[in-house]
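Down below is the structure, laid out as structure tokens.
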Amino acid sequence: MSQPRYPAPTLDQVPEDIRARILEVQEKAGFVPNVFLALARRPAEWRAFFAYHDALMLKEEGSLTKGDREMIVTATSAANNCLYCVVAHGAILRIYEKKPLVADQVAVNHRKADITPRQRAMLDFAMKVCLRAQEIEDADFDALHAHGFSDEDIWDIASITAFFGLSNRIANFSGMMPNPEFYLMGRVPKQK
Amino acid sequence: MSQPRYPAPTLDQVPEDIRARILEVQEKAGFVPNVFLALARRPAEWRAFFAYHDALMLKEEGSLTKGDREMIVTATSAANNCLYCVVAHGAILRIYEKKPLVADQVAVNHRKADITPRQRAMLDFAMKVCLRAQEIEDADFDALHAHGFSDEDIWDIASITAFFGLSNRIANFSGMMPNPEFYLMGRVPKQK
Amino acid sequence: MSQPRYPAPTLDQVPEDIRARILEVQEKAGFVPNVFLALARRPAEWRAFFAYHDALMLKEEGSLTKGDREMIVTATSAANNCLYCVVAHGAILRIYEKKPLVADQVAVNHRKADITPRQRAMLDFAMKVCLRAQEIEDADFDALHAHGFSDEDIWDIASITAFFGLSNRIANFSGMMPNPEFYLMGRVPKQK
Amino acid sequence: MSQPRYPAPTLDQVPEDIRARILEVQEKAGFVPNVFLALARRPAEWRAFFAYHDALMLKEEGSLTKGDREMIVTATSAANNCLYCVVAHGAILRIYEKKPLVADQVAVNHRKADITPRQRAMLDFAMKVCLRAQEIEDADFDALHAHGFSDEDIWDIASITAFFGLSNRIANFSGMMPNPEFYLMGRVPKQK
Amino acid sequence: MSQPRYPAPTLDQVPEDIRARILEVQEKAGFVPNVFLALARRPAEWRAFFAYHDALMLKEEGSLTKGDREMIVTATSAANNCLYCVVAHGAILRIYEKKPLVADQVAVNHRKADITPRQRAMLDFAMKVCLRAQEIEDADFDALHAHGFSDEDIWDIASITAFFGLSNRIANFSGMMPNPEFYLMGRVPKQK
Amino acid sequence: MSQPRYPAPTLDQVPEDIRARILEVQEKAGFVPNVFLALARRPAEWRAFFAYHDALMLKEEGSLTKGDREMIVTATSAANNCLYCVVAHGAILRIYEKKPLVADQVAVNHRKADITPRQRAMLDFAMKVCLRAQEIEDADFDALHAHGFSDEDIWDIASITAFFGLSNRIANFSGMMPNPEFYLMGRVPKQK
């Protein structure tokens, strides 16, 4: 039940550019998140996936904070019942927001989460993109404008939701499992 | 967003028998889980609720372990998007099963959880009772018998699922919030 | 298809307090509704179930009439496709409301029922608690306040809905069948 | 809530052929079922509707009994939450099957109804045509063949389901209400 | 996968009145749409079906244009995943509206279609009748009145939707396939 | 209703590498598909999007034909009600499969499409990844193995489905409209 359906390559089996990035992540996180090796069996897809990820999640422009972005990912991944992404991005969300409880709240029911009204509106929109994007209307944009989101911010919210819908489906069909390290990250003060 | 919709009584405002039980729980857990005070504003309902709870969750007979029971509660509560119960019973599940990761797994997608095939069958049945009990057929009983569950065990699984469906709806409409203590319980070695 | 999945005890097999209550019901109704014996195979659960039932359905306080309460039960049970509860509580609803047609109307489509706008609002809320309690918002409370319901009334509506969601799931998984007597009750003048 | 949205013509306002049929029905039933006058405001549609109805419901060929046909109508109308058709056709079902309880059973949950396995298979198929006809596969035909239904019988089952899906939608949008007489028909011995 | 489940009669096997109509259609369209022969195996149903069809689709009164009507049929048939009706009526829609692109737009997502706000409101209502007629409220009528639709127009919209719901279910269960000619009709200038 | 929500850049406003690719596509197709300019307002996302697209859709390995791939895209996009992708990729599907009718069939109801049993199994799996990837089980892999698909082919099917779920959501929220040229492509012999 809990095994990946596809074998992951080892670090020495992956192309140089991919290995460099993975080592960088490992350096920073202290371990290699499974998604990096699981997708590396397909280098071209790996490169496109992380290029898209970085364009959306690491960009500097716009009013979405890094915590906002991870909050969208966590809510989307919960709606798609994706264990890997809820656990991994919930961890990052806790760290960015400096709120040890927020990831569980957003994952179980974002309406009950201890977040701002602006974040609530952001997640309501993300859930509509996630579950019924075909019904998005101008009124949905108006609701976000009322909270100060620009059209560029809305593009970010929708694209992050759409991108992690892709990620969730890949993790679910391939049986990707989260690293044990993620479960506790951001819940307790970081070990020195 | 995250406030209870009904004020909870304080400990000195509740009837003696209820206070006694609450003090006992506090002694054991180190804090008073919010459900005990939130429901105490209605003493008759409180007494019935916990009598039912105890009859299902504390009984000694049958083949369901305490971990099995909490696993059913966690899966049911996640299907009903009940923050209080996922967080509180997820904590107890981690402790009983001695598995720090299992509650998040069961809550996000029980099909990916690191549980036994018997537990998987148990949760599949619980999810059907939770979401479409009207479609339960003899074949659903057969699937459980094949894993060694007796008809009495099946009554337990179904009743726990049904009881926490009640609990989930009450927590959701009344805005019951989990105590912060629950989020970390069973994830790290207990503080001495 | 139409047989209970669990044998019910006979009246002489149940504990004294349970038998006393059952005899009292039999005296009043002229027969023993099946739920009383079906659940009696588990005395502790029986006691909790009826204590909860009585706390919600027999209480004197609040603005919900007995007819209102049975109307909530009938609508909830229909939404959960529970034959026992629709037939049994539909009968009681007809009697309390003195309306031979109302139970069928509420069970098939409460929007078409010959009920007051206040009752319609009450059932709209009950259906949301029944089917998607996780989405209950303050606006749902406002809609009931506009019809004169207090927060305590709303607690009653939600709790009755939640409690019969439990009851419906138990009746459905265990194959509880309604007594034939219920089908005609309240449809024709009572036999003297 | 319970008023038709369109005024019905009176008997003297309808064309001669329609009046003749209505008088015939009145003679037989003792009252004019509301559908006959409600649809008569559109004579051409009335004629087509009842021609289709009669072709499916009054035909002599095939293995479906009149009780079987009304059972399909009752189950379909319940699935479509159509008050008029559940009440009116439930009444006729009780009479044809000579079973005072069967209509309520079929309407609330056909899986619990006191019907034959053949009728159960017939209703399972009807429910699929009603709710997701696009998914009908050859295996669905096989399941009916196994109970002795011919392809012509299957055409009857599907067409009755489809025709009353039309009828249900018209009754629901136009606010058609059942005659009070229907509610009791077939529940008590016929008045002489 | 793509074969009809019931053999269609040949033109010389059908009753005279049906053959006359079919020849008339063939004369006009250049081919015999499969629905005419597929249903002709049941002459009484055929006559009722086309009488109903003509009463709704060929009537002169009311403010719905023929293009409006076919637009309702196309949207309804897409919601019901009916290949025959989407392809056949999409073709007629293109011709009546003189818009080669509109049928594909309406079939995939009517919210994105290049249609008038009045047509958008018409289709929103039709989709509610198609998918959840039991929830139609007075507010739904108000929304159409605001676009100038009369109650008679609303009857037309709802009845067309309901009738093609019948048609869609018959086509789907019986495996009716569209004539190849329909796919291209109205996309390119008519061949002389 | 039918206007893009975000202005697209003109060809001279986009970075050199993007312009080069667009000119190449224009050279081949005779026009610039709107997705190329619509996404070009975000060059980094554009590059990642098309790198991912090419990795999945242009790869040479594996047993999926180009027609198979476009068939998955068309079915996925229809399930997500994405007008742009159904129309654009339906066109390409018609061309690759040399079947002018197949795209409409797959888009409306893939169960009725004139495709091979192998393609049917492929689309069944794609629909599960699209709509409920969280429920993918080993049995779903077995069903594909039985048609000769390897695990690598399954990765392709799932990834294409997931990638176009991303694409569909972006097109839907941003209001991307298909070029008129796509509607007719592959339906008539190519103009010389």
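A, B, C, D, E and F label the chains in the order they appear, each numbered from 1.
As a convention for this text, contacts are C-beta pairs under 8 Å (C-beta built on N, C-alpha and C of every residue); 3 or more make two chains touch, one makes a residue touch a chain.
Since the model is a prediction, treat every value here as computed from it, not as a measurement.
Chemist: Based on the averaged CA atom positions, which chain is farthest from chain E?
Modeler: Max centre-to-centre separation from chain E belongs to B.
Chemist: Find the chain most remote from chain D, comparing centres computed as mean CA coordinates.
Modeler: Greatest centre separation from chain D goes to chain A.
Chemist: Please pick, from B-D, C-E or E-F, the pair whose interface repeats that of A-B, with more than half of the contact pairs identical by residue number.
Modeler: E-F
Chemist: Would you mind reporting the rotation angle for the C-alpha fit of chain C onto chain E, rounded to the nearest 5 degrees?
Modeler: Rotation angle, to the nearest 5: 120 degrees.
Chemist: Go ahead and note the Å separation of the Cα centroids belonging to chain C and chain F.
Modeler: Here the centre of chain F sits 52 Å away from the centre of chain C.
Chemist: Centre to centre, by mean C-alpha position, how many angstrom separate chain A and chain E?
Modeler: The answer is 44 Å.
Chemist: What parts of chain C, by residue number, touch at least two of the other chains?
Modeler: 81-82, 109, 111, 134, 172
Chemist: Judged by the touch rule stated earlier, which pairs of chains are there in contact?
Modeler: So, checking each combination of chains, I get A-B, A-C, A-E, A-F, B-C, B-D, B-F, C-D, C-E, D-E, D-F, E-F as the touching pairs.
Chemist: Mind listing the chain E positions that touch chain D in their complex?
Modeler: Residues in contact with chain D: 5-6, 42, 44-45, 47-49, 51-52, 54-56, 59, 80-82, 129-130, 133-134, 136, 138, 141, 151, 154-155, 158-159, 161-163, 165-170, 172-174.
Chemist: Would you pull the chain A residues touching chain C in the complex into a rising list?
Modeler: Within the complex, chain A contacts chain C at residues 109, 111.
Chemist: Show me the residue ranges of chain E that touch chain F in the complex, using the header's touch definition.
Modeler: 1-2, 78, 81-83, 86-87, 100-101, 104-105, 107-109, 111-115, 117, 120, 172, 175, 177, 180, 183-184, 187-188
Chemist: Which positions of chain E touch chain C when the two form their complex?
Modeler: The contact residues of chain E facing chain C are 134-135, 137.
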